[in-house]
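Below are two complexes that have chain A in common, paired first with chain B and then with chain C.
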Partner chain A sequence: MSRFMKDLLIYCLAKAKKAKLGLSKNKGMRDIMTVYYMEAKTARLSRRKVAWITSGGPVEPLIAMDIIPVYPENHGAMIGASKMGAELCEKAEEMGYSRDLCSYARSDISCATVNGGPIGGLPRPDMLVCCNNICGTVLKWYEIQARYFNVPLFILDTPFCHTEYAEEMKRYVKRQIEEYLVFLEDVCGRKLNHATMEKVGRLSVEGQQLWQAVLDTAANRPSPMTAFDAFFHLALIVTLRGTQITVDYYRNLLKTLNDKVEKGIGAVPNERYRLLWDNLPIWYRLRWLSKKFAEHDACLVADTYTTAWCGTLKYMDENKFLDSMAEAYTRIYLNIGIDEMAKTVMDMIDKYHVDGFVMHSNRSCKPYSLGQYDIRRIVQEEKGIPCLVIEADMTDERNFSESQVATRINAFMEMIKERKG
Partner chain B sequence: MKLLDEFHGIRDDPYTYGKKLKAERNRKIIGYFCSYTPEEIIYAAGIHPMRLFGAQGEITLADTHFQAYCCSLVRGALEGALKGKLNFLDGTVFPHTCDSIQRLSDVWRLNTSFGFFADVVLPVKLNSESARRYMTDVLSKFRNNLEKGFGRRIEDQHLRKAIDTYNHIRTYLEQIYSLHSENPHIISGSDVYAIVRASMIMDRDDLLDKLPAVVEGIKRGDTDADNGTKKRILLVGGICNHPDVYRILEKSGGSVIWDDLCTGSRYFSGIIDNSGDPVESLANRYMERPVCPAKHLSVKSRGEHLVNLVKEKEADGVIFLLLKFCDPHAFDYPHMKEYCNRQGIPCMVLEIEDRLPTEGQLLTRFETFMHML
Partner chain C sequence: MYFAGIDIGSITSKAAILKDGRVIGVRVIFTGYNAELAGWNVYRELLGELGLVASDVDKIVSTGYGRNSLSFVDKAVTEIICHGTGAHYLYPHVRSIIDVGGQDSKAMVLDEGGRVKDFAMNDKCAAGTGRFLEVMARALEVDLDAFGDISLKAEKAAKISSICTVFAESEVISLISKGEQRESIIAGIHESVASRISALAMRIGVREPVMMTGGVAKNRGVVKALEKKLRMTIEVSEYAQTNGAVGAAVLAMKL
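Moving on, here comes the complex of A and B:
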């Protein structure tokens, strides 16, 4: 190892340690994420285990076991944001994966074989934890990675709640939470400390409450933040849920936002129209889209995506975290029927005083996108607000036509202006 | 063989058969889409389980519900329902499998009204005791739902009789596959396809009455298949909605001697031990049957199953039949192909949108593949 690399590592480890202790309170997102990824990439040196886990997966036991959680989906988002999606997706297609598959999965699968992408690939996993509460794609994706890395795979199977979270589902998921802990203890060769687990559980709930509070500031007029800001700040509640650093970060953010509210500073200079976004962000066009809407004095005040990481707080009990985890992880937004999704959407429309609904019809994500047309119909019937559907993909920019989307946004905004004046 | 005309007829026009069953015998009919449907429970309730395969042809009404990147099975199924082609149904049941069917169930529940409706939210992983228990719970619940929905009791003895009937049917179907596999000249692949396909549509007691004669007929050589050389092909995928595949393949000098399809061997694999609790026995079959890619048994189970089948059935080559936009199968394809490559098994892939390529194109592709074998 070169001298430089050694120095870099020592520096990063020191930084990582500091981050873990939560010493510096005003860290920026980029700092935290850099340290986090460096820590993950040097896990072998610090003799810590790495687990790859799905974005909707129960990360808290990993944190409590001092296992570093790594999120291929977060990685997918970074790949998208750095516009490396198309290239990696193409590579997966050369490997035989159909272009119609989820672009997060495609880019991660090919990235693993070449250590490509914006951060030179993810650190090798010691285990994989797949919770299918978001889709069936992750099941196949994690099977592929389990074969590729030849590491143990734990599947937390959360039955789909079309209309109910039934008794037998409860029993099944609860039983699996126990199996999950046994799996982690086996792979790590040591026991879970229950006091630590409780602490992590409380921090997780606190983090989610703060995240909800952050998103709630957008109910103000003008809104101090846009959904584009939420897409950015989301990273921590996804990746480091259950840590002090996340709690500190959002507490700080909340303060900044509340200050803006008090001073009446809006995220969009002349906010006139308030919109709701549905589905994943289009990572490679965030700036363009944000400008496009701002040009029309429109602020995307909320979205169905980032709320997913605090949407099941109502089922969580911070004093009985492990117990309540089963329900909270099973009843997330993507694991419920479209009528219940439509209800959630309509609640958000009321809560954030929304004038129009923008749906990203995302080729990559079938559980999120199939059913959108029905949700649109329900929302139009019950709320009477204009709805727009944009055809795109979150990471694979080959499925995005800028001129077409621009035309549709313009027409949609005209409609809203006419309605609202 | 005259007997097979009826099977071909039913396969060609299942809806007319369904309507007749309703009109002439006043049967209650429940429609379903996948081989994870616990048909035995429906049958035990005295209701006819009828498999639906999605309408072929133009999609117009379903377009207002599903984007173009949804598989043609789901879109076609909804199209059939919205066009009123399924009005002879008294209900539908949706076992949980892939993300697309999951959403079809929602859209179906909100936009159609066939009376009875049930989701059977099966476990996705099939390799743990807790999953087995959950599977049993889910099947019991479906039994209760049916009882309530149709106001009938389903006793254990009804379930045992159903299991027995299905065991017999499955044994005959497997036997027909085996006869064909042992001697591909004895019956054509299209005929075998028509029999299996029709067996998911026909009244099961009628079917069971007819199958012994079919088996006898095949053994006697009453069925005709041409005598040319036939490369032995294993067909792998989800659903094959295209009888022409079998015919064109035979024209090119091959024959499907076995398959790993949801509409093929996955439907009839797994004889059920009928001595214990019947619901548990049904659950056990699903836990052990060759797995669909939307379910998880182990990370290697499908690849290993494929290689075993190739060896056991002495296949010369494998054709992967992929339906466009079908995620579970598309995810499995590269590694299944790798399994083949490692074992030196030649394979080709046929991706189908909703219609087959033209006969000429397909024939050329098949012929090229046959030359490689």
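Moving on, here comes the complex of A and C:
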């Protein structure tokens, strides 16, 4: 079958599935994501553009311009969860990339050349949008991909907020947001409709508020969800922030969770201990970890990772979305000082009534993992709860040692049991 | 009433039996290939030595890497909690424990009641453990038991910079070929082990009184190098190597 015919087939399937989804009341995450990826893969048939964007990048202008956003990091998570990370990382190492580089970056760079991974590679981009609020690796990573695909790259440089968002930072980021819009208009050859932009802004804020409300249900005892559930439900707030489908999905989810709270149904059958998770998930070991903690009647009630997609709501103003967005995207969890991070963690410990803090020291994610020992010390001093550090990697399973991690988790849980009874 | 603890480590398996809250016997054998068999053997041999039979023992707790492979025990507990319990039982005043075994090095801080407050373990790498010393002893053709005493005779310690067991071995071989004295190479090895372990201990706020346990605690050279590095006095009990098994037996008593 020719490439065109194949695309056409996928395109028709996506259309049919979308029409079907439009009729059903409760749209499942898998259905939504399937249609999303099918549409992205056949974008050229619908004459839509595809932009690759970093997970912490401002996606709303893309949605407003009817550009399909695609996330190499979300793809990295899928690669990890499908246990294909090590193979793709090795491939990148064969290409000459260091094993010390981020495993998302390695697997994305090598995947692009072989169209491998769980969905046969990401759709070819028409442009790349890179925001360095999450890390510095994305700069080189996106430059490499911009050269490989020979497409334009926009870099949004968000200065690090040690303590505050100063006036000059505000001007600097705001100016870049203006440039960002011009960039999108240039690539698409048409103007941004400001009324649409406002609507998308409102939907984005609404989606984030609903996501926060979903996560907040975990403050109940027993918690109706675990962080492992949050890792799953997270996909939409990352990829389709600013769309109605995301708002509808989380509204439904919130209703389901509130029902569980009312009936007293917990995600972990005999929830006794409540834990907080730090850093990215270990994608290829989610089931194992979730079983391991549940064995000890422990529920991971919250995490610092999934809250990042609603953590800066306080800076957002839906009536002045573009202006406030500049600040909100600059002040995300990974772009603030250690004291601020520790404060966020401690607020979560209080809010979710946490008995222990589990930190994943992630070989891949340096900005997330650097400073963890300081945060751990601050948390121990201020809150007096046990903390555990697990060494692993989010996608590259070669950095995970089961019996070592099991011993640490068991010892940690024995410690908590001794304290709490 | 008799209570037993069995600690299956990566290199050796240990058993301890308590009677009326007192240690009446301990035994150490090599683990070998079959962890369950090693656990059974060390326990059976100790029973025989003490003139006991299996039915005399009320409860058994297992610990160590092979803790889940023993079907005849009442409970499996991690070595962190067992070492904490064992140390507190032997020396109630101890507040920190540094345990260095075959493939693990770990540090624990205890509260006044002997409960583990915090712990840290080596990750991903066995440099700075018993296995590391074993590899070095082989490269130097020295009996591991003599390692400690030989290093104490050294006038200065050779610099071992490598952080990896395999690379450190080749570093040692090149020191030998340069004619470096055996004593100072061994002293250098001990210093490199001590600097790894002290970093681990400092990370969780090690405080005195400190006790060292595990097979490596028998090596006076490592203990001395560690004391120098931490600027603290380290206590070593006669049950250093079997401390985890003793702790497990104490926990069996509480079942």
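Keep this in mind: the second predicted complex is superposed on the first by the 397 of 421 C-alpha atoms of A that agree within 3 Å, B and C clash if a C-alpha of one lies under 4 Å from a C-alpha of the other, contacts with A are read in each partner's own complex, and residues count from 1 in each chain.
The rule we apply is simple: contacts are C-beta pairs under 8 Å (C-beta built on N, C-alpha and C of every residue); 3 or more make two chains touch, one makes a residue touch a chain.
Source: prediction; values computed, not measured.
J.: Look at A:G337 in the shared chain and tell me whether it touches chain B only, chain C only, both, or neither; answer first, second, both or neither.
T.: In the superposition, A:G337 contacts chain B only.
J.: Between chain B (first) and chain C (second), which, if any, makes contact with A:D347: first, second, both or neither?
T.: A:D347 contacts neither chain B nor chain C.
J.: Once the shared chain is lined up, is A:C387 touching chain B (first), chain C (second), both, or neither of them?
T.: second
J.: Touch test for A:E179: chain B only (first), chain C only (second), both, or neither?
T.: A:E179 contacts chain B only, not chain C.
J.: Mind working out whether A:Y373 is in touch with chain B, chain C, both or neither, as first, second, both or neither?
T.: Both partners, chain B and chain C.
J.: Have a look and say if chain B or chain C is in touch with more residues of chain A.
T.: B
J.: By the touch definition at the top of the document, which applies to A:E418: first (chain B), second (chain C), both, or neither?
T.: In the superposition, A:E418 contacts chain C only.
J.: Return first, second, both or neither, reflecting whether A:E295 touches chain B, chain C, both chains, or no partner chain.
T.: neither
J.: Is A:Q404 in contact with chain B, with chain C, with both, or with neither (first, second, both, neither)?
T.: second
J.: Does any part of chain A touch chain B in one structure and chain C in the other, and if so which residues?
T.: On chain A, the residues that contact chain B in one structure and chain C in the other are 373, 391.
J.: Mind pulling up the chain B residues that touch chain A in the complex?
T.: By the definition above, chain B touches chain A via 64-67, 69-70, 74, 96, 98-100, 102-107, 109-111, 119, 121, 123-125, 128, 130-131, 133-134, 137-138, 141, 293-294, 296, 299-300, 322, 324-325, 327-328, 330-335, 337, 351.
J.: Give the list of chain C residues in touch with chain A in this complex.
T.: Against chain A, the touching part of chain C is residues 65, 77-81, 115-121, 123-124, 203.
J.: Residue numbers of chain A touching chain B in their complex, please.
T.: 95-98, 100-102, 105, 132, 135-137, 139-141, 143-144, 146-147, 153, 155, 157, 159-160, 162-163, 166, 168-169, 171-172, 175-176, 179, 337-339, 361, 363, 366-367, 369-374, 391
J.: Across the complex, what residues on chain A touch chain C?
T.: 373, 380, 386-387, 389, 391, 399, 401, 403-404, 407-408, 410-411, 414-415, 418-419
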